[in-house]
Every structure is written in structure tokens, then in C-alpha cells.
Amino acid sequence: MAKQINTIGVLTSGGDAPGMNATIRAVVRTALSKGKKVVGIKRGYNGLISGDIHEMGSKDVSDIIQRGGTILHTARCLEFIKPEGQKRGAEMCKVFGIDGLVVIGGDGSFKGAEKLAGLGINTIGVPGTIDLDIACTDYTIGFDTAVNTAMEAIDKVRDTSTSHERCSVVEVMGRDAGYIALWCGITNGAEAVLLPEKKNMSQEELIRMIIENRNKGKRHNLIINAEGSSEDSVKLAKKIEEVTGISTRATILGHLQRGGSPSAVDRMHASMMGSIAVDLLCEGKSNRVVAYKEGQYLDYDINEALAMQKSISEKRYDLSKILSI
Amino acid sequence: MAKQINTIGVLTSGGDAPGMNATIRAVVRTALSKGKKVVGIKRGYNGLISGDIHEMGSKDVSDIIQRGGTILHTARCLEFIKPEGQKRGAEMCKVFGIDGLVVIGGDGSFKGAEKLAGLGINTIGVPGTIDLDIACTDYTIGFDTAVNTAMEAIDKVRDTSTSHERCSVVEVMGRDAGYIALWCGITNGAEAVLLPEKKNMSQEELIRMIIENRNKGKRHNLIINAEGSSEDSVKLAKKIEEVTGISTRATILGHLQRGGSPSAVDRMHASMMGSIAVDLLCEGKSNRVVAYKEGQYLDYDINEALAMQKSISEKRYDLSKILSI
Amino acid sequence: MAKQINTIGVLTSGGDAPGMNATIRAVVRTALSKGKKVVGIKRGYNGLISGDIHEMGSKDVSDIIQRGGTILHTARCLEFIKPEGQKRGAEMCKVFGIDGLVVIGGDGSFKGAEKLAGLGINTIGVPGTIDLDIACTDYTIGFDTAVNTAMEAIDKVRDTSTSHERCSVVEVMGRDAGYIALWCGITNGAEAVLLPEKKNMSQEELIRMIIENRNKGKRHNLIINAEGSSEDSVKLAKKIEEVTGISTRATILGHLQRGGSPSAVDRMHASMMGSIAVDLLCEGKSNRVVAYKEGQYLDYDINEALAMQKSISEKRYDLSKILSI
Amino acid sequence: MAKQINTIGVLTSGGDAPGMNATIRAVVRTALSKGKKVVGIKRGYNGLISGDIHEMGSKDVSDIIQRGGTILHTARCLEFIKPEGQKRGAEMCKVFGIDGLVVIGGDGSFKGAEKLAGLGINTIGVPGTIDLDIACTDYTIGFDTAVNTAMEAIDKVRDTSTSHERCSVVEVMGRDAGYIALWCGITNGAEAVLLPEKKNMSQEELIRMIIENRNKGKRHNLIINAEGSSEDSVKLAKKIEEVTGISTRATILGHLQRGGSPSAVDRMHASMMGSIAVDLLCEGKSNRVVAYKEGQYLDYDINEALAMQKSISEKRYDLSKILSI
């Protein structure tokens, strides 16, 4: 028989992402609408271990759907990687009567959720990361906002790059994944995109392309470099300038990509996924992760989800080349 | 044997939508990369009839991916609804050697494309409308930008509505469809959404909800009213104020929802769909419309596509109610 | 001898404006840095009369500099227009020990402040209104954000107006003043601006201009209509379309102009003016309004300030005509 | 007798700034409205020397008031620093009949204008630089947009910095001047601002402040570092993290600060100053620079202007400290 859930906990863990607040709001309000008690846990698994746990009402999540960051704060928690930490977390769930837990974060956070599930706490993961690097889902909360933030910043870099007829190398986030970079490559109309997942153009090929572009009359070049690619943005810019004589600047967009008011896509997915996570708990499910796959919301076993592989779209990669002619 | 395509025409028709320029760019550059000649047709089918047709090179679509509107201009064309107009259009295609045509627009524009296909011109439709009211596809170019524009405007209305503890009625576009309204309802955290597709709350129910919200301590209410719903926004606001005594304001967002730099989602779909339209023409296909369905790009016969029905998501409609408690 | 101030009250009154929160923050933190106690008064003079008054610490104004609206809420207060209401307000100041009061708002709010000053409460007004209609100052908090909001919305209207080769009539706020309209006229490159302060072009002159523009090859026209002008936007659009045959749309931007995160100019003026208001109170001054005049922060006697007249810049009005050729 | 002006040239020089296009538009349209011929010169003084000079009509500046960058392109020109280069420039003016020249740029560009004036070409400088480092004027075109771009980016950094309870060091542009940094310091509510004009807090003082903030319960710190200050942002962040144990990240905003659609303030000053520059030429003036001083538009002799000194506002610097408590 499925476990009856009375109190639902919610935490955000790992790197923050726009839309985490909208997810918290959806968890809290869906749970309240089903007559459950809800508690918010601060600073990810740290707050679970230390008992930084607080009851949340409907008004506690008023006026946050449009806010960046996370009102519950987030952190990585080294202690929770070890079995003792996990055991303390599970005990604290019992102390606070938490029989269902929603974990908003990435793969690392889901590993923690899986451990708690093994210790008898029903847990559901919701994918929240700007990097889109969770294999079981086509979408992770925060990605769309991060791409739009990067894209709009790069539109501005392009203005000045065009005025000065320069080459610009812009580095975007994504850790080991190139999704943000590939999206910016296409949506900013970049001349080249360097990805961790692809054997990149060699520096020689890249420089030859820039020179050929000049020969064709193109007066500025935009190169998007993924954080996880093999090229260092600053060194690459220097090299391009040295060899071609074309003034070249590197910009590393940095942490601004993690913040800002979430886009409509992020608010929508956050609202749907947060609500579904509570539905799953109320159905007695545990050790599942909410996913969006081929236009549908689904859920996967966390262990299976963590074992999946993901690759970037070849069609999109090819498109980024065709459209930059 | 599939018809060999040498010259591809492209036009935008009907109401404009952000991302139309990104689509034109993708059509032009994909066609050029395949060695085809490309011509741009001005003001939709009007320009086809009058011969306002111009060759386009790669530079003609430089620096437009981020621009709102359409460089080809757009219009509705009454003459093209009649058989003589269609025949003149087909003849003009022959005069300019256009053997493949990409039509960017909505259902009305696709009807024209279907007529041209019947007259021997290979045509492919690309869905471009902010209204999302094309049944065969989960996405239409322009929708995401329009939703974000409306949502950000409503976030601002909410600031002042909260400060003054008012009720706000905000009318969003969408013609006979409620997609923009439903998305704003969820992403702006509205207290109620009035849709054409749903038997709306009666005025009495709506007013009772507002009074109950006041009794619960909610100090402001946000009502999203779809353009195509049965309620007049100004009259509704007046009625709410009269009955409840709560200061109420109506805002009709209007045409700003059609403009602005396209979002990342719109630039991506525009690039993919524009490119796919050219691929289809080059494969000898005709009378097809490009669609995005369950995470995949597909194409449908235009006649079949026009016969399909679309409805709004019940899950999302229910969610809009649960999350506004 | 100047009165010693121990407790400073702050309230926002009248129509809200972006930057009010930044002003409150500056008042609170400057007062605290001088060792004063600070209390926030809710809903303008209503909260003063009803005693809705709460002590504020430094953290109460954390993370609000970038928020639209006002955390203290605002309202118009009919009761405070009458002498009894004013007397009750002054008594409540004594009950809460408020010996200095900062009133953030417009002329109407300053009249109340002047009454309180007459009843022995030291008061300082800070100009906060999007309308810029306070005669003694070149700047009022909220104006720059409102202009940018309107301007960006009109940039979007222009995209679609250009695509469709339409005429657009856009109505902006400003009550009886035309400052927002004039700024939008120049910064959006409008073909005409209709202001309350000017004998406008007659409908005949306006329509003749539109036809002449068409004859010159201009394919779209943008008319900015101030809320306080003598023309009704919807009727004017209808008239233009009737006479010229050019498709014409009216957009009334409405309350979104009051909200949104304040611009840098608004945050800066808000921070400076809020801080100066506290400085003036601590110097024992009363019945003064903070002003920004010819690049300097000054203060005026409220009665003198209320008696001043303001007119729009002729140079700017002329410029709006020259640049729209 | 004042020289009669028939043909006016316009160029943009040095670093680009948002609003340069709006300035070009104002120069072109004001000159045309006075019956003058206008020519645009490409890539600053390079185009003057090489004769890359083109007549401009009213439509050439349509739809550019809202665009970032400069349609005339810009560059630094080493050749023009030498007398021969200047002589060639003056000769090219005669070849193209340019008897009045508007130079949009910074101090370096004005030095070139002064040389041309000495060679008989009437020249007027218009201050266009994001750095605000021109002594004779309170405003330079581009500053407001750059500050808003930086401020909005830093608002986003703050979201993630708050969620993670981190310290953020953000480096903003400004070359040897700290205006952008000081404005961001105040408008973003930073805990500290490091400026070139001030003997900064030592690293020890800064770190002590961060620790004291932690002791007071402040969970995140924002440090704005001006490009021209004595601190290296990356090294400073590393040092703070080492000593305090607080996770600290450096972000160097970079070239995005130069781009983007100009703000209302920039479009307004650009329109006014560009128009005034033409007025001055038509009055026969030369070797002047347009300035905005204490709320008025004025003009100064270029040599006098270049000799002036500018300092940052002490009041504002003090305010940045008071409001960050």
C-alpha cells in the first residue's frame, strides 16, 4: 500500500537557476490545495542535516514567481555525500515529520535524493539547472532564462563588435555541456561555436574561416565558446588577433547567466513540474525524477535517470554552420 | 520524379510575428548554401500579384535575426482570396522563375499556399503567428516572444496593483484562441483567466472570488482576459469596482505584443523551420506545412493540417486555478 | 533652536512610482546611520490616521532598491483633506513619537505635509511621480523609468506598425502634463506629439501631415498622444483611417507605465533625495521639499513650491518636429 | 563674417557608445531641415583620409534612433595623430566640399577636430563615450545606457550571489574614470566600490568589512571594481575567499556595456546635442564642443574644454557608503 503523505518538504540544491522560486511556489500551493503541510528546508541538504526547516503557508510564496534566485537558498553539501550525513538527513525528516521530499536541482542533488529514498523518505527530484545536462529530460528549469540572458548580452557585444569591425570571442556557461553555447551560436548568428561535445575546429581552421570571411567582405566575426570546450577564451582571442591582425576581444559572461527574472518558459515548466512532483508524492511514489520528454511530462526512476546519456542535436549543430555563411 | 527547384521565393503574410525575420534569414541562407537562387516577395501575396519581387543575397539577411517585424513587410490580400488573384500569383511565379515558395504566416496564408500548389507552384508553409492557433503544430513562431512581452508588462501592472491594493483586469491578444492568456495566467500568477475556449466564470462567480480573496487577506487581484473571451475588459473592471468597492483598472495591452526582438525560443524555431522548409522544397515536396510536434519537426499536408482541431491543455487550465490560491 | 529629531516617519502617498522603494531605503538607512529611530507608515496618510505604523530596521529595506512599487503601499486619503483628519494625523505622530516625517509623493501629498508642518510635525517632501508635474524641480522620481517603459513598448509597436505600413496612435500617461509624451515623441522618433500644454495640431493638420508623409514615401506614422491632450486616441485612430484609408491602430499603454524595476537615474535620484530629506530633518528644517534644479539638489519651502508654474521645453518641442522629417 | 556652411560632414570616432546612431540621425535631419547637404564619413578619421564619404538623406537615418552601435562604424586612427594625416584629412574635406564637420567621440577625437579647425575646417565636437570622462560636460552620450546595462547585469549577479550567500566582485568599464562604477555602487546597493579617483580601501579594510558584515548577519557582499582601479578583480576575489572562507566569484562585464538599444536619456541628449552641433555650424562657429552643464546645453572652446579637470562627486561617494549598511 502506498505510503500516506502528510508533510512535504522542499529544498533547492546545487547551482541556483531562474525558476527555482516558481517551482517552490508550485510545490507549496499544490500541497496546500491537497491539504498537506509543507516545510521549506534552507541551503539544500545542509539545512536538512542542521534542522533549518520552517513551515510554509500560501503567502510565503506570494510574489516570488517572477524572482530570480531561490528564497530557500542553495549550497553544495559535502557532508551529505557520506552515509552518516544521509542518515542524519533521514533522521531529521522523521523529527520534522517529513514523509515526502521534493529536491530541486541537478544530477548531484538527485543522487542525494536517491540515498534518502533508500532510507525510507519518499523523494521526488525536479530538474533545475541552467546547464540542461540532465539526460532523462528535454528541459531543465533555468535553461531558457540563461540562454535569453546570454543571447541578449551577446546581441550587445555584437553591436560594438560590428561598429569596430572586430572579432569577438564570448564564453558562455554550461559546465561540461554545450547547450547554452549551441543555442547562442544559432540565436545570435555566430560565425562559429566551440563545444565540449564536438571535436572543435582547430585554431588553424577557425583562423582560416575568419580570414576567408574577411575575404568575402564580412567585417566582424562572433565566436561562441562553451565554458567546457578545450579552448581558453582569452588565449584564443589573443591568438586570433596575432595571426589575423583583426582586433579581437574576449568576454566571459559569467554569473549573470544564473540570475534574473525567469522567462515564461521557465515559469511554466517550473509551475507544472513543481505541481507534478507533489502529485507523485501523493500517489505514494518515491525515488522518481520529473521529466519533460517529447512534449509530455513524465517521471523516471532516479537510478535509471542517472544512468542515461545525452548528446547534442546534430541537426542544430549543422544548422549553426549553414546559417552563418 | 520530383520537380527540380532552382529559384525559391519567400514571403510573410497575415499578422506579423517576432521571428519572421529570423525565418526569412534561415530560408535565404539555407537555399543559398544549396546553390539555389532566392527572391523575396514584398507585402505577402500583394507583392506576388504585383511583381514586387527582389533577389536576395546572404548580406540582405545579415543582422536581422534579432529584429522584430518583417523586412519583407506583410499584409492581408483580399485579391488573393479569389481564383483570378491566385492565378495571377501563379503566373507571376512563372515570370520570375519561382518554382518553390515558402509562405510564413497562419492558417489564412496557408490556404493561399494550397491554392498555388494546386496551380503547379511547389509551396511550403511555415507557421508564424503569435496566437498559437494552428492545429497541426505545438509551436508557432512568435508565440514565446509575445507571451514574454505580455508577461513582463503584466509584472509591471502587478507592481502598481500591489502598491495600490487594486484589482487589475489585463486583456491580452490571441484572437479566437486563449493560449497567450492561459500562459500569462500561470506565469503571472493571476487569480483568474478568462478564455474563449472555456465557459468562463460568470461575473458573479468572479466577483465572489475577489471578495473571498479579500476575506482571506489577499490585497490585490489580477484577472487575465483573452481578447476572444466573452467579457469586455473595461466593462468588467467597472462592474467589479461597482460591486466590490475595490478600485479596479483595465489595461488592454494591444499591439506591443506583436513587436520586439524575438526570444531565443523564437529565433531557434524560426531558424530550424525556415531551414527545413527549404529542405522540403529541395526534396520536391509541395503543399506541406512545417510543424513541431512532441519535440520533433515534422511536416503535414496543408489540407490535412487545416482540417485539424486544437484545444487548450486541461492540465494547464487546472494548474492556473490551483496555484492562485 | 532647531527641534531635535529622534524618530523619523516615512510614507508614500498618491500614485505610485518606480523608485519609491529606493527612496524608502535611503530614508531608513540614512536615518539609522545618524542614530535615529525610523518608522514606516502604511498606505499614505490613511496609515498615519489609523496608526498602521511599524519600526523599520536596516534589513527591512534590504533587496528592495531594484523593486517596483512601494513596500509601504500607497493610497489617496480623502479624510486627510479635512482639518479633522490632519489633526488626527498630527496626534498620531505624537503617539508614535514621530518628530520628523518624510512624505514621498506629488503636489497633493505635499499639501498634506504642509498641513502637518503647521500642526508642529517637521515634514519634508520628496518628489515621487511619473508625471514630472512638480514645478519646483527638474526631476521627479519615477519619470525616467516610466519614459523608458513607454519608449520600449512603443519601439515594439513601431516594429509591427512598420511591417504592416500602418499608422499607430499611442497614448501615454502623464495626467495633465505632457512630459512623458514629449520624451516619447523625441526618443521614439514619432511623426507627431499631441500635448496638453500646446494647442495641438488640429485633426485636419494631422491628417494632412500623414497624407504628405505618404506622398513622400513614408510608409508608417507614429502619433504620440498625451493622456491629458484634447484628443481621444481611439476616435482619432478611427478618424485617420476613415479619411486616409491607411490602416490605423490605437494603443493605450496604461498602468504598466507605473511599474517595473527602477532605472539607474531613478535609483540614483531616489537614493540622493531620500538621504537629503533625512539630512534636512536632522538640521531641524520643516515644510521643505527636496528638488533637483540645474544639476544641484536644493530644497524649497513647500508653500512656495506649490505656487510655482512649470512649462514644457520649447526647444524640445521644436526638436520633435525637426527630427521627424 | 561667419563662414557660410553648405555641406556638413559627420563621423564617429574612438570607442563606440549607445546613442551614436541617434546623434547621427539628429545631425542629418537638422542639417537637411536647414537646406544643407550632409555626408557621412566611415570609420572615423580613417574614412576622412581615405575618402570613404557618402551623401546621406533622411531615409538613411530612418529606424536607427533605437539601434546600438554606429552605422558609420568607428575606429581609432593612428595616422591622424600626425600632422600629415591631419593635412590629408583637411584636403579631403575640400575635395568633398565639407565646410562643417561634426565629430562624435571623446577627448581623443576632439584633439583631431581641433587640428582640423586649425586647418580651416569648421568643426564641432559632440561628447559620445560611455566613460563620462569629458571634463567640460555633465553628460556624455552612452553613459546612461552603459550604467543601466551594467546595473541590470549586476542585479542578476546579485540574485545568484544571494542564493548562494557568496561574495561577488564585479568589474565594470570606464577606463581611467570611476563614474560607471560609482553609479553601479549606489544603484545596485553594493557593499563597496573601488574607484581610480579614490585611495581605495586596502584589501585588509575590505576583508575586515566583509567579515564584519557576516558578523552582523549579512549573508552576501557585492563589491564593484572600476576597470581603472588598482585592484585586479580575479586576484581580489581569490584573496577574499582565501582569507574569509566565503565563496567569492569575480565577473568582468566587458564589452556588452558598449552595446544595446540606447536609453531614453541617451536618445534625448543625442537628439539635442546632434541638433545643436548643426545649429553651431550654421552660426559659423568652429572648434567648439557641445556640453550639458547644470541642466543647460552650452558650448565650449575645444582647447579650453580639453584643459578642464573633472572629479567624482564626494556626496555620491559618501552616499554609497551610508546606504550599504
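Labels for the chains are A, B, C and D, by order of writing; each one numbers its residues from 1.
Just so it is clear, contacts are C-beta pairs under 8 Å (C-beta built on N, C-alpha and C of every residue); 3 or more make two chains touch, one makes a residue touch a chain.
The UniProt protein names, listed by chain, are A, B, C, D = ATP-dependent 6-phosphofructokinase.
Keep in mind it's a predicted model, so treat the numbers as computed, not measured.
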- prompt: Can you list every chain in contact with both chain A and chain B?
  reply: none
Task: Please flag the chain sitting at the greatest distance from chain B, going by CA centroids.
output: D
Field: Computed distance of Cα centres, chain D from chain B, in Å
entry: 39
- prompt: Whole-Å distance, chain B centre to chain C centre, using C-alpha means?
  reply: 36
Message: Could you pull out the residues of chain B that touch at least 2 other chains?
response: 155, 162
Message: Under the stated touch criterion, can you name all the chain pairs that qualify?
response: A-B, A-D, B-C, C-D
Message: Show me the residue ranges of chain D that touch chain A in the complex, using the header's touch definition.
response: 12, 16, 18, 20, 43, 67-70, 73-75, 149, 153-165, 168, 219, 249-260
Query: Considering the complex alone, what residue numbers of chain A touch chain B?
result: 25-26, 29-30, 32-33, 58-59, 63, 65-66, 138, 144, 147-148, 151-152, 155, 162, 183, 186-189, 217, 261, 263-265, 267-268, 271-272, 275, 293-296, 315-316, 319, 322-323, 325
